[in-house]
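Before anything else, here is the set of structures, which you'll find just below.
In the two complexes below, subunit A is the common chain; its partner is subunit B in one and subunit C in the other.
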Partner chain A sequence: MPKVYIDDDVFEFEGRPKILEFCLQHGIELPYFCYHPALSIPANCRQCLVEVGQLVLNRETGQPELDAEGKVVVRFFPKLMPSCATEITDGMVVRTHRSSALVRRAQRENLEFILLNHPLDCPICDQAGECPLQELTYKFGPDSSRFEFVKVHKPKRIPLGPRVVLDAERCINCTRCVRFTEEISRSRQLTIIQRGDKNYPFTAPGMSFDDPYSMNTIDICPVGALTSADFRFRARAWEMASTPSICTGCARGCSIYIWTRHNRVERFTPRHNPLVNDYWMCDEGRLSYRRLNENRLDGPHVREFEGLRAASWEESLRRAAHLLRSAPPEQIAVLASASLSLEDLYVIRRLAFEVLGTPHLDFLRHEDPSFEDAFLRLRDRTPNRTGCELVGISPGPDGLPVQQWPQALRDGRLRLVLVFGDDPLGTGAWPVPEAGEWIVASSHWTETASRAQVLLALCTHAEATGCFVNQQGVLQRVRPAKASKGMDRTLVPEMGKSRLDHHATPFDRWWGHEHYFDCRPGWELAQGLMRELGSPVDYTGPEAVFAELAQAIPALRGLSYAAIGLQGVRLDLHPQPVA
Partner chain B sequence: MEWKRYRALLLPPIPNLRDISVYEAHGGYEALRRVLTDPAWSPERLIEEVKASGLRGRGGAGFATGLKWSFMPPPDGRPRYLCVNGDESEPGTFKDRQILEYNPHLLIEGALLAAYAIRASAIYVYIRGEYADWIDRFEEALEQARARGYVGARICDTDFGVAFYVHKGAGAYICGEESALMESIEGKRAYPRQKPPFPAQRGLWGRPTTINNVETLANVPLIVRHGAQWYSRIGAPKHPGPILYGISGHVNRPGVYELPSGMPIETLIYEIAGGVRGGKRLKAVIPGGSSTPPLRADQIAGITMDAESLRAAGSMMGTAGMVVLDEDTDMVRVLLRIAEFYHHESCGQCTPCREGTGWLVKILRRIAQGEGKPSDLDLLLQICDQMEGRTICALADAAAWPVRHTVQRFREEFEARCRPSLVAVPETIPS
Partner chain C sequence: MEPEYAFTAEELARIAEIRRRYPTARAALMPVLWMAQEKFGWLSREVIELVAQTLSLNPAEVYGVATFYTMYHTQACGRYVLDLCTCLSCQVLGAEDLLRHLEERLGVRDGQTTPDGLFTVRHTECLGACGSGPVLMINNRRYVHRLSQERLDQLIEELRQGRMPEFASIPLPERPWEQEASSDS
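After this line comes the complex of A and B, so read on.
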């Protein structure tokens, strides 16, 4: 096995790894800016320079030559080499800042150069707190600057497109954004204009940076040069909590972090997941976080006279159960949403088939061919259609498929519709019916919700725990990123915590309750209805539901929340009936 | 060879030589025909011949041309390229345009020979866009050559064929850097590429490519025509051949002079270029374009224009674009002007060059305005230290070397500008 000598350690390696990647994999931190694992390597920031040499081998014996003091002789390259672009070869000797004063000096001096014309406006920069330039300057940079001149001024606060704002003075010309548009989104909407220290990224004249993936450049920008028009100045990294989750904008289910402050969702950012979305997500998915804050249904409601009034959970569940009992099973239809979790779907299925005894169970397909592209976006706009199929959300024997329900409501074959999480009227999937009664579990005020006899408040995926299976068959988990009413976020171990959650004084704690909603996850609502209807189900939590699911569905066999982890699991998705 | 008896080979004084008939009448394209039609002249033999001639690149770096050609990997049936670097743009350098204007067929013939040697399927001639007249004349010559069957398929009725394209640069200094030149041809912003991989491994569109300077390729037909032995005896033994010396600055007869390599600098200034203008004394010589370290007048005695001699004197041959500066020259202003050029032309890709060139200018401007601080000189040298050898291409070096060497060799002049000015201190009134 070939060997490489890094500082005072010997490593074996395979293939032709680059020094930087190899060091990072082995826990040796090297500073860098322009390198990004998903992009080409231009080696232009020059921050990761290291000393590189080769052992001098005796031509006859093939053994390393020793000097008079018995030390191995190393022939070093005359110049420092960029570790991001230099391939490791057998017998290579690498000296990083840990062992080389020359490398330490080069790193320090390069940071002095980078900061020369940087505005150093960390106190007002949106990137403060999550800025590699800030961090690496503390770790590797100079303690002061010798630059005594007016800095180069460049354009500030320039909208590059509808979603990305440029502050050219902060740009360090790493070209990650330009390479992203060339290599990943392939829109080629960005380039570097000007020369030398006047360089900055920009669009061609008359062009707008409206690439559907444009906001990924904000994530990969190592400084605050590219910021989100939506998020600018809204929150600081340390004030927010980030929780690993998924985007529910389409059937890709991109891995994301949900960032919350004061229990309000402030942004989505992509989370690296090679199984699903690599490092990226689309702009539309990213901005779909707004839906989690707006038009939310707070607590259950029941219809009284012509209007809906707030009611207690007990009352609303009792009213719902009464309605369900009063209709013959074959006249009840249960509509589940493909945006609900596997756990929700499973308990709803049990409610429909085992307790209500109706054969009419189905879900709506929400497809938008114009949304699909060759990268991440898919025409199926629901995150868990594969999950619906896996759990068996489909009509039972003699059950009507969902397309026939509107007609069946009109001609009286159906009388009561129980809707979980979907909005068939608002989305235009169904014509507005003249007949029928509705029990609706919804997270938002929707057209369907407004017609309900009983309205149950449903959690969004940001307030619940559950699993989703994307179109490629990757099973991922969501965790509660924000608390619902009655839930103490400090007691939920899976919820991301900000500094304000668990540090400092009581004045630092999250305040206000306007972003807390009284809602419950789908499985819990279905279980509540089952209990009201006399079924003795008792799931202690979503994990217990999943444990049962893992028993019932062959594709999930052997899985647990722990096994799914942060990356998710690719399922073997041969169509299998529910046991 | 006595230089006075030297007869120009690259730019012979033949009227209308750019007409193909005249060029052919004086032996033009014979070398190409011989190489293509004589089975003894295999590509390998041609490479060996150029190696034996000792020809070194005339673009500035002075690398052995035959050796560079031999780096090309064996043919694999897929395209490989020759790039002709005519992006000449270093201050003080203006010799390639003479070939493009007066003897374009020599370049075409040289490029075809090189393409044959490295088995290139296409030749790209990259000419600086501002050289509009020379581009027109070169394209005219290319059309003539195409009409005579020297360019295109089945050249000289042999199986050898090559496509020939002229690419006009948009006028950035960095486009003359070989890897940036390839990026420019590929239609991208001319950013230099990190090496390795070298162009012979991965060049234009990822295929093996060789890049040669215009003057370098113009030497190749001479080598074939007269033989490597003959060629290697011209001028300096380790840097042989005719050289186009571009002499500018404070001399009586500035211009491009073709003479053997290894000419003494003093001869070039005082005999060829007619001495220093106005009978003044010499102060400094920049021997090979603005990036080469300047020599003080007292450093040039016995120094000849070839790589070895100039290296020993602490400078470089570069492009042999010699800038002569007389005793009245303000070296601070000269250096500021050079530094401003490199600051303006830095592509901005690498941090040390992008930021360092601007910092150098700011300090030099302060010194030139008489507001320099004594510590500025050491700071200048430290910034040069921070730039040299730390970037993808050599532009940072080209920017730092003149600063380092001018400050070191003319330090007293810089120090004089950095002394605190004598300001009357108001007398304090004892209390």
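After this line comes the complex of A and C, so read on.
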């Protein structure tokens, strides 16, 4: 096996890895700006320079030659090499900043160069706190600059497109954004214009950087040059908590982090997941976080004198159960939603088939062909349609499919609709019917919610734990990123916690607690209805529901929350029966 | 507007000929940009888009190249672009004063164009004619050597009358030390 000597260690390697990638994989830190694992390697930032040499082998014996002191002789390249672009060869000797004063000096002075015209406005920069330039300067940079002249000034606060704002002075011209538009999104909307100390990334004149994936450049920008028009100046990175989750904007289900501050969702950022979205997500998905804060339903409501009034959970569940008991089972329809988790869907299915005894169970397909593209976006705008099919959200024997329900409501074959998490009236899926009564579990104030006899407040995916299966059959789990009313963020397992969550008290000026909504996950609401209807079930939590699911559904056999992990697992959706 | 920005069939044939000399469209970009600038005066947004379309490149890419080189004009410029060298040799010979003289005479600042659209004044880096400085270049092409304020005034008058100065061949200065060295041997 070929060997490489890095500092004082020997590593064996296979193939033709680059020094930087190899070091990062083996936990050896090297500083870099322009390198990105998903992009080509331009080697233009010069921050990852290392000393590279080759062992001198004796021609006769093939053994390394030794000098007079008995040390191996190394023939070094005359200059430092960019480790991101240098391939490892057998017998290569690499000296990083751990063992080479020259490399340390190169790193320090390169940073001094990079910072020459940098405005050093970290206190007002959105990138501060998650800025590689800031971090690497702290670790490897000089303690001060010798440059005492007027800095070069460049355009600031330029809207490159509708969602990305450029500050050219902060740019270090690593070209990550340009390479992203060339290699990943392929819109080729960005280029580096001008030259020398005046250059910065920009669009062609009169063009807008309106790439549907443009905001990924904000993530990969290693400085604060590209910032989000939406998120600018809204929160500091260190005040927010991040929780791994998924985007529910379409059936791709991109892995994301949900960032919250004072329990309010502030942004989504993509989370690396090679099974689903690699490092990227679309702008529309990224901005869909707003839905988690806006127009939210807070607490259950019941209808009284033609209006909805807030009610207790006990009262509303009792009213709902009373309504459900008063209608014959074949006149009740249960509408689940492909935006609910597997756990929710499973308990809803049990409620419909086992307790209510109705055959009318279905979900709505929300398709938007204009949303689909060749990269990540899919026409199916629901995150868990595959999950609905997996759990069996479909009409039982003699059950009506969902397309026939509006007609059935009109002619009296259906009287009562129990809606979980969908909005058939507001999304235009159904005409607004004159007849029928509605029990609705909804996370938002929707058209359907406003017609309910009993309205139950449902969690969004950001407040619950549950599993989603995307169109490719990858099962991922979401974790609660936002606490519901009555919860303490620090006590919710798996929830990301920020310093504010841990240490702020109601006596602090920066205390905020207005973004808590009184809502419950779908499985818990379905279980509550089952109890009221006299069929006590007692799941201790979503994990217990999933344990039962894993028994019941062949594709999930043997899975557990621990096995799903952060990355998820690709399911075999059509398992062969064991012979 | 559309027909104003187009290449003629003859020009397209020339572009195709240029294109054949290079392995990629990107490599053929510079001569084509040059052609476009000769034709349209400067590389406006429409011209950039025309070049990009002609070579099947992206406008951003074309714009990046156009802004990289100072001899491509991405701003509207005058009939005569005067590039005055202010690099070391010319500077020592008074180029800075000449630049100020030019600015005052034409009533514009460095980098600006006169209101009548006739002159653009720019300072530039070394034009490679240090032996005959101070030097000025007209429209990326014609050099005017050994400038003085009088020569500049005269030049501006000539240009106003539409007369481009003649090409002047500047012989290399004599190098007596070389002759001495050769006579020694």
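In this section, the second predicted complex is superposed on the first by the 564 of 579 C-alpha atoms of A that agree within 3 Å, B and C clash if a C-alpha of one lies under 4 Å from a C-alpha of the other, contacts with A are read in each partner's own complex, and residues count from 1 in each chain.
Keep in mind that, in the parts below, contacts are C-beta pairs under 8 Å (C-beta built on N, C-alpha and C of every residue); 3 or more make two chains touch, one makes a residue touch a chain.
Since the model is a prediction, treat every value here as computed from it, not as a measurement.
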item	value
Superposed partners subunit B and subunit C on subunit A - clash or fit	clash
Which of subunit B and subunit C A:392 touches, first, second, both or neither	neither
Subunit B versus subunit C as contact partner of A:31, first or second or both or neither	neither
Partner chain(s) touched by A:204 [first = subunit B, second = subunit C, both, neither]	second
Contacts of A:253 with subunit B and subunit C, given as first, second, both or neither	neither
Comparison of subunit B and subunit C by subunit A residues contacted	B
Which superposed partner A:117 touches (first subunit B, second subunit C, both, neither)	first
First, second, both or neither for A:188, with subunit B first and subunit C second	second
Partner chain in contact with A:433 - subunit B first, subunit C second, else both or neither	neither
Subunit B and subunit C contact sites that coincide on subunit A, given as residue numbers	191-192, 194-195
For the subunit B and subunit A complex, residues of the former touching the latter	172, 189, 191, 194, 343-359, 362, 366, 379, 386, 389-392
Subunit C-facing residues of subunit A, complex	188-195, 202-207
Residues of subunit C that touch subunit A when the two form their complex	44-45, 48-49, 52, 58-64, 67-68, 74
Subunit A residues within the subunit B interface of the complex	41-47, 49, 78-80, 82, 85, 106, 109-110, 112-114, 116-117, 146-147, 149, 152, 172-173, 175, 191-192, 194-199
